[in-house]
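One structure, pasted below without further comment.
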Amino acid sequence: MKGLILKIDCPDQHGIVAKIASYIADYAGNLIELSQFTDEQYGKFFARVEIDTSDLTVDTEDFISGFRTLGKSLSANWDFRHYPYKMRTAVLVTNTNHCLNEILWRTQLGEMPVEITSIIGNRDTCQSIAEKAEVPFHLVDMDGDATKKEAGFQQIRQILIDEQVELTVLARFMQILPDWFCQELGGKIINIHHSFLPAFIGANPYRQAYERGVKLIGATCHYVTSELDAGPIIEQEVKRVQHFHTPQDLMRLGRDCERIALARGIRYHVNDRTIIHRNRAIVFPD
Amino acid sequence: MKGLILKIDCPDQHGIVAKIASYIADYAGNLIELSQFTDEQYGKFFARVEIDTSDLTVDTEDFISGFRTLGKSLSANWDFRHYPYKMRTAVLVTNTNHCLNEILWRTQLGEMPVEITSIIGNRDTCQSIAEKAEVPFHLVDMDGDATKKEAGFQQIRQILIDEQVELTVLARFMQILPDWFCQELGGKIINIHHSFLPAFIGANPYRQAYERGVKLIGATCHYVTSELDAGPIIEQEVKRVQHFHTPQDLMRLGRDCERIALARGIRYHVNDRTIIHRNRAIVFPD
Amino acid sequence: MKGLILKIDCPDQHGIVAKIASYIADYAGNLIELSQFTDEQYGKFFARVEIDTSDLTVDTEDFISGFRTLGKSLSANWDFRHYPYKMRTAVLVTNTNHCLNEILWRTQLGEMPVEITSIIGNRDTCQSIAEKAEVPFHLVDMDGDATKKEAGFQQIRQILIDEQVELTVLARFMQILPDWFCQELGGKIINIHHSFLPAFIGANPYRQAYERGVKLIGATCHYVTSELDAGPIIEQEVKRVQHFHTPQDLMRLGRDCERIALARGIRYHVNDRTIIHRNRAIVFPD
Amino acid sequence: MKGLILKIDCPDQHGIVAKIASYIADYAGNLIELSQFTDEQYGKFFARVEIDTSDLTVDTEDFISGFRTLGKSLSANWDFRHYPYKMRTAVLVTNTNHCLNEILWRTQLGEMPVEITSIIGNRDTCQSIAEKAEVPFHLVDMDGDATKKEAGFQQIRQILIDEQVELTVLARFMQILPDWFCQELGGKIINIHHSFLPAFIGANPYRQAYERGVKLIGATCHYVTSELDAGPIIEQEVKRVQHFHTPQDLMRLGRDCERIALARGIRYHVNDRTIIHRNRAIVFPD
């Protein structure tokens, strides 16, 4: 099936759904799925619409460009995506491989419509996994002083540009990103943090969780912003633990949360099921 | 806020959402929330729409009756509900009171828009609870032979008619209902079964669960049909158990599942968030 | 069945279980359940033992006092409790009643071996619930300046002494406790905090959770210490939420977490299934 | 650390723990972890004991053989395992690879103390995975009539013998096993069934779940017995689903349950944390 996904947000007003749905119907588009949300506090309307374009009476590009009149009249931001679609995705790693393996595996199974452009590591630990998966691997050395690190991120930036990367996934990438990097990739970079945010921000969250004696540990998939571990949350997952679990046990058990939360978060993003509004992520789950 | 909830289902066809949303917009109704679902297997469209009628340019009753033309043109079944609304609800009980207490408590808190018309018991065990909650209690004795039992259900039927009951809740009511009763109340009677259906249909599900050695027990809230424990499922809830839990422990732990699943199921129903289609319940959760 | 529960902790060393179990066996006590935990980091051993004393060859009090020799030789702290046992428990409330109702209901069902000595409120909102449950209610007015508040806590202290209260439960009691009060009741006072600690410490956690855009909300049952919301965690519970849930929705959904987490936490405590070690609670679940 | 794991069951009687723990202490074994369970219905005692043998005053083999006197006096069944230990494990597959990948991945990470002896498939679909993981792959063709199938199972049997396999895992192996095979491998063969047993026994459980309209789907890891999908349950996992999920969605979502439940089930088994009693599995979780 050929189709379009429309994501739109605009100031709340009467008749938005009628106008959008009528535009689609006027050209014999088939509205497959409509998810909408009105944020009453901020007076904003958000929607995601799946449109089957098989029977469209106009050219798809004309359908898209013609929406402009309606979109502007609603003072909206909107975006159309052709689907099926594979989002060009780079995965950044350091040493641990469970999140990387999960992404590769789900991609192979067709669960996640992404094309892995490359795996980028500041260590070569995951190189052999990349090779077995037949995905390019870039080693970006950033050990040393601030200059070295800055150069590393410039190098990563260039790879993302060269490979026309649309989504960057931090799959347990153990480096603090510079501000300019976060800002440049705003809304196009996803991280998995190994705690139930906002608890245990920063380093060693499993150790922190152990010390605090929590009875549930978690993982959080979120958009990256300049502020550490504070970006919009896409997905979270938790798991029950007990007093006898050591920090090493928490690390082991937490991996399952990390894998699941990251995989779902990426899937939501690449299927255009997320809209960022202020510091929150609207997620229309599937 | 004054408003309407529209529930509708019809054969799938192009432009349904456009037509419905336009009808609402034409008379300045404000579409607050639209949930839709297309069952591709059966070619059927289902939707629930919340409409704020504060700014309606026509009388609400005219708005409702005028929808008939569109509804019929879509070959639809539809229903409008004025809200806020309190559904007249009778609760049937035998001995155990945890489900009854949960309903009363959530009703008092305003979590469930129901008006408890009465509590009907085939035992008087819950009578004092009814009295404390200032709700009428009817004792319907149905012990004895089939004639006695049949008379009991006729008596209950008459109470439901006299009290203009719209929803009947079996809150651990320990009697098999006669066919005619199930059919007469079809779609308006909800049961909580103390297992994760379709596992452990019938009597003593916790004992059955213990014997089978399951590691999770559950509860199922479902619409009642003539076939025992086989009606459309509205909500389910589970809880982890271990080998050392006796059937009595399962009973204790299961109560939490029963209370939660039943409360959510009733809430979905009275907020018109369910549509029965064949033997499945479409539920638009909140 | 008559019996004893032994809770013990001591420096880790060879043969502890053998010595304890042999002492019990020597006098024909029947070891029903033994749960042990060794904290390797701190070199400490912890255990909880259920002993059926029906066949004891000595007087139970002699059995208890005779344990002293072994206990001291292990440099242990230990405690015996006769069971069945009902712990004298006071419940502190302000306005909301869901946690109070949950405690009352589970007590009536026999799920929690407590005797509610009284309900103490700094508002009279829950007075009618106390009356229906036939439990004494004390209104302790603490509105006003610091002196008034201090006097209020002195009054509560006196009630706890007069009523020989063994456990104090803060069932959504909306007052910061003075240091001396926390210290005096150390290990004998349990709070339910309406967030997944350590996230959202302090006031309005549901509002904080909404602002942060979390996808799971929670509740934490913990021992109270002088530091706000920082005491040893006994139990936690979470629930999935979505972007469309308002702070009011979170409050409603969170109540289920609070009720469950508090009920389990109390049950663990009164069944002597918890041991506090540093700032963590060892919990042997049932 | 060098050590032993003792699994034991015997008729319930006074002093069992004292005798076992004293035996260990007498020879300066260090009891690291003791888990016990008494099944009151059948009057049976079960325990698992981890013993650090670093300081043992006798030879480990003498320690093991000397336990015989005590074991027999208790009329017990018992078994000692030296640890660390890697259990020789064969994985049987057909087409789908998610369970196989999960096992390989967790084995590489050291989460599961197994040595994968080989992967055995009645299709060659997973052969390339085996090759990348550098594990032998055996293709056992069993398509055709009953004779062909019987020959296939005889061939598998011979592989298991030749490779000294201790545990056989059915990782979505799509063949009904012959009785003699189940009986020969009794207690040493684990299956993952893609439903929440005992619901949806047999073929196409996700289709069955869809038809029944359940709101939670699951997976069950269990010991294989002659009766289809009816053996002792080791672990179960569930996941919430909604009306819009097709059978294909359930298949996708269910994979996560299958992977988690199977991985935990295997881990419990190979760490000697399970004891089969009648048709239930006692599981001492970690």
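The letters A, B, C and D name the chains in turn, as written, and every chain counts its residues from 1.
Note that in this section a contact is a pair of C-beta atoms (placed from the backbone, for glycine too) under 8 Å apart; a residue touches a chain by one contact, two chains touch by 3 or more.
Since the structure is predicted, the reported quantities are computational estimates derived from the model, not experimental observations.
Peer 1: Could you classify the chain B-chain D contact as same or different, where same means more than half of all interface residue numbers appear on both copies?
Peer 2: Over half shared, hence same.
Peer 1: Compute the centre of every chain as the mean of its C-alpha atoms, then state which one is farthest from the centre of chain B.
Peer 2: Result for the farthest chain: D.
Peer 1: Suppose each chain is reduced to the average of its Cα coordinates; what separation in Å results between chain C and chain D?
Peer 2: 37
Peer 1: Provide the C-alpha centroid distance between chain B and chain D, rounded to the nearest whole angstrom.
Peer 2: Taking the average C-alpha coordinate of chain B and of chain D, the gap between them is 41 Å.
Peer 1: Among the residues of chain D, which ones contact at least 2 other chains?
Peer 2: Residues of chain D never touch two or more of the other chains.
Peer 1: Chain touch graph shape: choose line, ring, star, complete or other and state it.
Peer 2: complete
Peer 1: Quick one: in the complex, what on chain C touches chain A?
Peer 2: On the chain C side, the touching residues are 37, 40, 196-200, 211-216, 218, 232-236, 238, 242-244, 246, 279-283, 285.
Peer 1: What part of chain A is in contact with chain B in the complex they form?
Peer 2: Where chain A meets chain B, its residues are 14-19, 21-22, 24-26, 28-34, 36, 38, 55.
Peer 1: Under the definition above, what is the set of chain B residues touching chain C in their complex?
Peer 2: 98, 101, 105, 109, 111, 132, 249, 252, 255-256, 260, 286
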